[in-house]
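In the two complexes that follow, subunit A is the common piece, with subunit B as its partner first and subunit C second.
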Partner chain A sequence: MRDRLSAYQMKRRAGNRAGSRTMRIVLALTVFVILLPVIVTMIWTVTGRWPWPSMLPQSYTMRTLQELFSGSSPLYEILWGSVIIATVVAILGTLIALMTARATEIYRIRGRRLVSWAAMLPLIVPGTVFAMGIQVILIRMGLGDTVTGVILVHLVAALPYCVFIMTDITAAVGNSLEEQAQLLGAGPGRAFFDVSVPQLMPGILSSASMAYIISYSQYFTTLLAGGGKVKTLALVMVPYIQSGDRALSSVYAVTFVGSALLVFFIFEALIHRIMRTES
Partner chain B sequence: MKAHTENVKKGDIKLQINGLSVELNGTVILDELSLQLHEYEFLSLLGPSGCGKSTLLKTIGGILPVSSGEIRLDGELINSKPAYRRGAVIVFQDMRLFPNMNVAENVAYPLRVQGVKKADRLVRAEKYLEHVKLGGLGARRISQLSGGQQQRVALARALAAEPKLLLLDEPFSSLDENLREDMRQLVKDLHREFGMTTIMVTHDRQEALSMADRVAIMFDGRIAQTGTPEELIESPADERVSGYFGSAKQ
Partner chain C sequence: MKRNRIVPLLLITPFALITALVLAAIINIIVQSLGYMPVFGLYDFTLKYYIEELSRPEVLQSLGVSLHVALFSSVLAAILGTLICAALVRTGRTRGAMLYAVRLPILVPHTVVAVFTVALLAQTGLLARLAFALGLAGDYTEFPMLLYGKGYWGVILAYLWKEAPFIAYFSLALMANVSETLGEAAENLGASPLKSFFHITLPLSLPAIARGFIIVFIFAFGGYELPMLLGATMPKAFPVYTYIEFIKPDFKLRPYAMAMNGITLILSLLMALLYAVLMNRLMKRIGGAYEG
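This part shows the complex of A and B:
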């Protein structure tokens, strides 16, 4: 939301001519920097041979797509796994973050500074280090090599960001409207959902998207906690990238980005629909 | 001068506050405060800023906890009754309209919570909007209204809840002087029409004296004196009260 706001402000500030020209150059550069690699990657997905210094590939192939759809681990299975895990992490992460934010910002529990600080701890420890420790705990709990274990590890990785986002917006929204709703006769839960949730929605969306993409792109933690038995797109993709098979890496990269975007799109559409039918 | 005071039916005791203390973060805000309010009465709560006026309203409304003492509404002890079951609505000076709802939905919100059907509650919301002279503006967004209009929506919404007690927390302080006069008149008219027992917090002496049946003046978390406007000016209880009214007397 903040990004959208600043983009808007920039647009307004760009009212004078010199400003708008600079903006146009920046915009063109941004498009160039983001879009060009994507286009090149997309061409690579069907490239057979593309030696230097040709502008275009010299031969094309469907080998990569065959591998993608009917390889050793079929795409739909991996995709499904990734999407489910990431969605669960997004929902749980945002819920936990929301409750944490309410506890520290609205109910001002004792030791709230400690809680806020502790929520950020996983950011300090490198993911790989902490994944090794947590794997031992998961195995002891009997959750080694399970989807639940992977979700738990992803949650720990995503939570600092979720808590950060939700704390910010919860503090900004406050509870004055909720109080008003209660005074008008709404029970606490009802007041929260009718009045605060719509205000919190931008934060809920950012937090869920953040958690989703963090879970979606976890490699090492998934490998450790899932023991290679829990397969996600990132897990399957990374070895291809490391092995240097550009065509195959590209096809996975495009699938990765495309599927993440598609899920985001569905998320947003769903939430907009829910919000509209409510009011 | 105050035509409406004569027609007010003096009813039973509506609100009874005995020895009420409220502490926030270890600071005593209300200090064994007592206050009594009759049915249909319009009381102005006057006092310097920081004396605990708003805290008192919030405590009566049920969004701040009572430390000791008792609050009775219609004879019933409501100390630990949650805000949503008390039937005391506060209109805050920052209005607190719900930005995700349009004007009519805001006014209809208390009815929606009570389970009134949509078509029904929107009709009733329109009636309340007409009472505050905003008929036909139900479909507007809150952001499309001026400050004065927003304050009237907040009033209409409070009326729609049909509260036992209407609590106004400096309702006009964010408006400019012309609007304020209109709003005072409107609040008086509404009080006459709906007969709701009302407490209005203000720090504007003239406003308090001209609008209310009775004025309560508050210092440091206690009520220093209550009485009709005449009583307060003619026979102040102590120097603080007379000092406070010094400028209002001429």
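This part shows the complex of A and C:
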């Protein structure tokens, strides 16, 4: 019996090893395909001449970087605008999602199924359809071509993810500790901020970083709600792509991804720090 | 906690207001697509805009293009995404550097994906140069025209680059959980890793994969940036065509654009409904055997 079992185990281990090897190859290929275009685009940012059919550029230049900083609308202004909008969307989206999650998970309001369907709605209705439908309404509200209007449509795009994340973590954290704090004499506000908020922090940060990235990436909704007057990085780079200037569009692409990743990793580092101090 | 009626109401209000905004947009599209625009003296509710749009060959072609793009990119993304997810789970790389690499495409916006795609897949892109170096193509004109062509294959591959990792990441938590508990139990009882994957882990991870698939399908069907930047001039993807109709200065033409939006809306809702029905049946078949 013992021998048979170990024979089983040996067979399984051998199978496991072969399976793991295949899976490692799958992962290696995945990472290669993901990183290849990133690397090629980074090379393009400093490319002067890269004629067909050479595999590497024939000359390098700093022209693109100069144009990036001295173009018609200076980069730092556009970057600043995008960062402000995305930060506001991150804060508002997470706050609204936290409030919604408290209402459904802690107060157990009626119609929770309705809330979860409503949260899905912006994923079901394509962003293009929503943007063309809301434009006239924003104009009538006096929000056409304004930063506020752009923030509102970005919020709609980001909120589903914020609500999913905040609902999950609020349900997991619950409110028993908060109730205990209240029994021990803490006011409801203090019980929430001192007891629950630290526990919710990983969710709050991942919701905020998700909302930030989504807002930062919006093109069509920004174009319609902002009427081309509210300029973000996603908006100003499109004409360069359309013009076929690969070097210049690459430099915008790298700036874009670099600045988004920077924010993303700051959030990730914060989440890790909190997780570590908690455990 | 003291049961309070006003607090939860206040808590849900901002969410309700944002939802109202979405509903207002939907209602606006439906009302205008039915021809009701009092500002421009259009008062009659009619289906004529839908009927006229759906009888134009360009519109049908354009719808076909978008369905083709959405179907190919989301089916391939679901298959590849599941494979990547299984690889992450099997090799135990469910956190750390590998996961950051897989998450990268999720963070990259579609406009940037377009730049990436041009660098790789254009007729003078890296892949074509590689094909030349290997002697597979004599000149760049011999390399298949993946971009700006009627097949929209560049657009499909661009979506795939972004959405396969999305589905992998989206399904990771559930698949890791199922695999750790029931998958390993099956293997301990003698099932081969492949058998345990196809009979236990995959079916039980299906809810997450299917949900990711629906999100990706609707996104690819309604997406604007990639087909606008990488697609053919004719036929255009449906959202691109819709936007062109939408920005025509003659407001009396607006109901036509809105009818096109209405068609996208109906198709997206149908997909979501189909998903809900299928998930319901799937859940009944699994019968709560596993509460993931």
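Basically, the second predicted complex is superposed on the first by the 223 of 279 C-alpha atoms of A that agree within 3 Å, B and C clash if a C-alpha of one lies under 4 Å from a C-alpha of the other, contacts with A are read in each partner's own complex, and residues count from 1 in each chain.
The definition used in the following text is that contacts are C-beta pairs under 8 Å (C-beta built on N, C-alpha and C of every residue); 3 or more make two chains touch, one makes a residue touch a chain.
Here the structure is a predicted model, which means the values were calculated and not measured.
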{"item": "Partner chain(s) touched by A:I84 [first = subunit B, second = subunit C, both, neither]", "value": "neither"}
{"item": "Between subunit B and subunit C, more extensive residue contact with subunit A", "value": "C"}
{"item": "Contacts of A:Y216 with subunit B and subunit C, given as first, second, both or neither", "value": "second"}
{"item": "Touching partner for A:P188 - first (subunit B), second (subunit C), both, neither", "value": "both"}
{"item": "Contacts of A:Q199 with subunit B and subunit C, given as first, second, both or neither", "value": "first"}
{"item": "Contacts of A:M132 with subunit B and subunit C, given as first, second, both or neither", "value": "second"}
{"item": "Touched partner set for A:A172, first subunit B, second subunit C, both or neither", "value": "neither"}
{"item": "Partner chain in contact with A:L36 - subunit B first, subunit C second, else both or neither", "value": "second"}
{"item": "Touched partner set for A:W52, first subunit B, second subunit C, both or neither", "value": "second"}
{"item": "Common ground on subunit A, meaning residues reached by subunit C in one complex and by subunit B in the other", "value": "179, 182, 188"}
{"item": "Subunit C to subunit A touching residues, read off their complex", "value": "1-4, 7-9, 11-12, 14-15, 18-19, 21-26, 28-29, 83-84, 86-88, 90-91, 93, 98, 101-102, 104-105, 107-112, 114-120, 124, 126, 128-130, 132-133, 140, 161, 165, 187, 190, 192-194, 215, 218-219, 221-225, 229, 239, 242-243, 246, 257-258, 261, 264-265, 268-269, 272"}
{"item": "Residue ranges of subunit B touching subunit A (in the complex, touch as defined)", "value": "61-63, 82-85, 87-90, 92, 94, 96, 98-101, 105, 109-110, 113-114, 157-158, 161"}
{"item": "Of subunit A, residues touching subunit B in the complex", "value": "176-177, 179-188, 190-191, 194-195, 198-199, 279"}
{"item": "For the subunit A and subunit C complex, residues of the former touching the latter", "value": "8, 12, 15-16, 19-20, 23-24, 26-27, 30-31, 33-38, 40-41, 44, 52-55, 95-97, 99-100, 102-104, 106-107, 109, 115, 118-130, 132-134, 136-137, 152, 155-156, 159, 163, 175, 178-179, 182, 188, 213, 216-220, 234, 237-238, 241-242, 246, 249-250, 252-253, 256-257, 260-261, 264"}
